[in-house]
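Both complexes shown next keep subunit A, but they swap its partner, so subunit B is in the first and subunit C is in the second.
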Partner chain A sequence: MIRLKKFSYWYPASEQPALDRISFEIPEGQFLGIVGANGAGKSTLCYALSGFVPHFYNGELEGELSFDGTPIVELDLGKLAGQVGLVFQNSFNQISGARFTVREEIAFGLENLGLPRAEMKSRIEEALELVNIQELAERSPFSVSGGQQQRIAIASILAMQPRVLVLDEPTSQLDPEGTRDVFAALSKLVSTRKITVIIAEHKLEWLATFCDRVVALAGGKLRAEGSPQEVLSSEQMLRLGVGRTQYSEAAARLVRSKQLPVTLEQARKALR
Partner chain B sequence: MKLGVKNVSFRYPSGVLALDDVSLEVPSGQVLGILGENGAGKTTLVKLFNGLLRPSQGQVHIGDWNTAEHSTAALAARVGFLFQNPDDQLFERTVAREVAYGPRNQGVSESEVQRRVQAALSLVGLQHEADSHPYDLPQPQRKLLALAATIAMQTPILVLDEPTIGQDEVGRKAIGRIVSKLHTMGRTLIMITHDVDFCAQHAQRILVMLKGKVHADGTASSILAQTKTLDQAQVAPPQLVRLAQALKMPAAPLTVEDFVDEYKQWRKKRKK
Partner chain C sequence: MRGSTIYIEGSSGLHTLHPLTKLAFSGLCFACAAALPTLPWLLAMFGLVILPLAIWGRLTKAFLKACLLVVGPFLLSLSIIQGFFHGGETVLFALGRFSYTLEGLMAGLLFAARLLVALGGTLLLMQSTDQAHLMQALTERGFPTRIAYVVLTAIQIFPSFQDRAQVIIDAQQARGLELQTGALNRARLLLPMVGPLILGSVMNVSERAMALEARGFSSPAHKTSLRSLADTGAQRAVRWLLVAAAIALLLWRLWSALA
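Up next is the complex of A and B:
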């Protein structure tokens, strides 16, 4: 269980908080989506939920952020790395540059965990399969396309088998098939292994289809939280610069409903 | 300025055949969207336009120039290129210097350079950031800066590689307005994107690539309605097309306004 209570964070030398008195809880095994316009605080929240704030990024903290009751400031980043995985927005920042092949790149984190060889091998194969990049295993992580590199970054974190997986716009460079693969793989991990997945994304249709719950940020503040349909169909999303799916936009002009549809299936039912 | 690709193939030194006998004509002033899965050959194709890559076979013509006879530097005056990752093309100390770099290298007078810098920064909404360091801007704004730098070159052809990556709804709309503006100015625009809804709204023509070949080519409205063709190339149709098909409507509308009109007519007919 992750708990934030009036949690604020200021980057060094910044007068404005990047996160401003945020309170909410993330139960174990939840698939949580984070939405917000650029600059809303999504990436900073991802850094905080993975311990990079305050252990890598300095700055000022106020309020509470705890993992299973232990305040984040008391946890060390090395230990957290075995529990919480962060997939960076820009996969280029994540690839170690110290390994020659994709397989070795995925092994890098596992070597640092000191896992036995057999265990490493099975985790690598599983991670390659989960994001469908088996054919890239012997390629250099730098000789692939942006989308493929993004899948490698995701695979290298999945192989670590964290209890909590935080992903900052992990599918920005992926084609629709790749995006579906990643969301489906994450969903499977949530249902079969009860891991907690926290994902910041602009692709609203996918969040609406897969997430249990969505939170919306603006100006570092929590502005909305609830079911994907509740949050993503609201007019507030237009004001916050998040936008809405085309399904919601079309339905808003055609039907009177308390809650607009946000997915294809919901729209089909509302308009049939 | 028109662009022609004739029987072009391209093989990377690794042996991968990225383009296989591609032919294509893009008339002056057209907005072309290129769709296709990761690794389909989209980026390889557009890198041939400004000489970043040279065809293994076939010819590329930019206006009356055969690219084989001109340097990349010379081609840069005809084809502007917005990279997928803006950090691949930003290196100056300030936003204004970054935008001025291209025209200054073209030998444009200083007063004209300043005029172009102001015009390009205003167009992308970064006029108040002229003295900022490019890397003090968040990534979505760096993408807009790279776009401004490309626009300031005043090339008749512009290639935009994934222009909406990482942009929120406000950013997507801003880029849409910029594309429309450049189109009214008579520029030829070639956009590579996975953002099929953006393509539906802004491209006149769509080229779908699959395994290094042209899989489909036609007007946006005709191509985006061909779900089977798109499926084969792992391209998801726009949300509104999928919704129209789920409802078994006969049309394939690309904008919310068109969807609403078509839906009302369809409902009327059904009632009769």
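Up next is the complex of A and C:
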């Protein structure tokens, strides 16, 4: 579905590539996690996968990045918005500011896509339920907490029912319960609707639990790729500044094992 | 919360009118303010048409308060300035070399009455109409969506901007900035607050623009709306009548001035 082949990108006036010869493929319906220390290129990769690089940011490209076989440079952002959704880290900046209730805020994207009113209503209710914010529907999106705002932002994109959902550290402002709700909602989307979810995240435990596959970046380069178990349990993650899940940390201190557990379930088995 | 608008939520007949009907009436009020020739005509327009509409909309108190707040200072200053400097033969009293005339007073009152009529129509519109509905009504008739977005965002984001300013003030004070001193010193110390506020907002522009694009703002699709604004044939007819009346009034005024 999405294919990167030796894909490199330089921000304007930058001599160092933000992404450096990255190659991998993302099949439809996959839940992919992106890990890396700050400045590793996670956000840039998210922007590239959603078309903002190169359509929003100028700069130089090399190599190939294609969506359903079409080079992303040939697709315009307006049309891509219905296919690829992007959720940012900063919740405040994602609120359109042009709508006065959460329900209207979620409708904003649907109105832009020209959906009929009846379909909008059903999608809004579904999105509110998916991220568990039904009780906020009639409140102002500016009168809620940062975590609630982030859930509104996610619901707003989910309602657009994109085929690919890209999220750049979406849970950084969420409490543990909010984080669990978001991951559970994303997992449900992948399993029931076959939506492709790509999430850049520091909360490794959640990635280990929910993702099908993880890629690790450092200095704009792809350093590791594989199942969460393969990638997140490797020593290399410590060197890259990614760290390890708390389950891996605990198991590393308590048992000798070739491959460290990365989820609670795996840790339970390893420590038995 | 509806941002920094003066809209007062309600379910009166005035509230349920289509926004464009109220906009057309507001236009007629401007035409009346410009064209009606004498004070009694203007006061009649306000007292017999605009004020009853405000009462119908259950806005009387807020409406009169806003009128007083805006027109009051003008009424006072215009009465004084025009009274002393407009000239005239009927001197009411004199202060040294300056005479206060009845003609000047009437000219001041006439100007204030014109302002009252123009403001009255606008206030009726703004206090009884959700600005989002007004913008929707306008964009459905071809008004540029980008301008409508800017208007609504300005209304909505202003209180958040104030909140952010307060956070910056609190942060600066926590780091020892003294803001409780004299007015001059406080004005000088505004700089550390305004800098981060403006810079922070500018830095957010890029991400805001991206977020808008992610929501299909540039989508080539014909935009639809979640809300439906109730409109009737009778209201459409009234709108045309109001527009025609406003144009007729202005033309009559122009013809009178030229004749």
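The working rule: the second predicted complex is superposed on the first by the 272 of 272 C-alpha atoms of A that agree within 3 Å, B and C clash if a C-alpha of one lies under 4 Å from a C-alpha of the other, contacts with A are read in each partner's own complex, and residues count from 1 in each chain.
Quick note on the criterion: a residue touches a chain if its C-beta (ideal position, glycine included) is under 8 Å from a C-beta of that chain, and two chains touch if they have at least 3 such contacts.
Predicted model only: the values in this text are computed from it and were never measured.
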Please work out whether A:205 is in contact with subunit B alone, subunit C alone, both, or neither, and reply first, second, both or neither. first
Scan A:169 for contacts with subunit B and subunit C and give back first, second, both or neither. first
Going by the contact rule set out at the top, does A:177 touch subunit B (first), subunit C (second), both, or neither? first
With the two structures laid over each other on chain A, which partner does A:132 touch: subunit B (first), subunit C (second), both, or neither? neither
Quick one: is A:187 in contact with subunit B, with subunit C, with both, or with neither? Answer first, second, both or neither. neither
In the overlay, answer first, second, both or neither for which of subunit B and subunit C A:99 touches. second
Touching A:90 in the superposition: subunit B (first), subunit C (second), both, neither? both
For A:241, select first, second, both or neither according to whether it touches subunit B, subunit C, the two together, or no partner. first
In the overlaid three-chain picture, which partner chain does A:227 touch, first (subunit B) or second (subunit C), both, or neither? neither
Shared contact residues on subunit A - subunit B and subunit C: 90, 92, 143
Contacting residues of subunit A [partner subunit C, same complex]: 47, 50, 52, 56, 76-79, 81-82, 85-88, 90, 92-94, 96-100, 103-104, 107-117, 120-121, 124, 140, 142-143, 153, 156-157, 160
Subunit B - residues contacting subunit A, complex: 14, 36-39, 43, 84-85, 138-141, 162, 165-172, 194, 196-197, 234-236, 238-240, 242-243, 246-247, 256, 259-260, 263-264
Going by the contact rule set out above, which residues of subunit A touch subunit B in the complex? 36-39, 89-90, 92, 143, 145-148, 169, 172-178, 202, 205, 238, 241-243, 245-247, 249-250, 253-254, 264-265, 267-268, 271-272
Residues of subunit C touching subunit A in the complex: 1-3, 130, 132, 148-149, 152-153, 156-157, 159-160, 204, 207-228
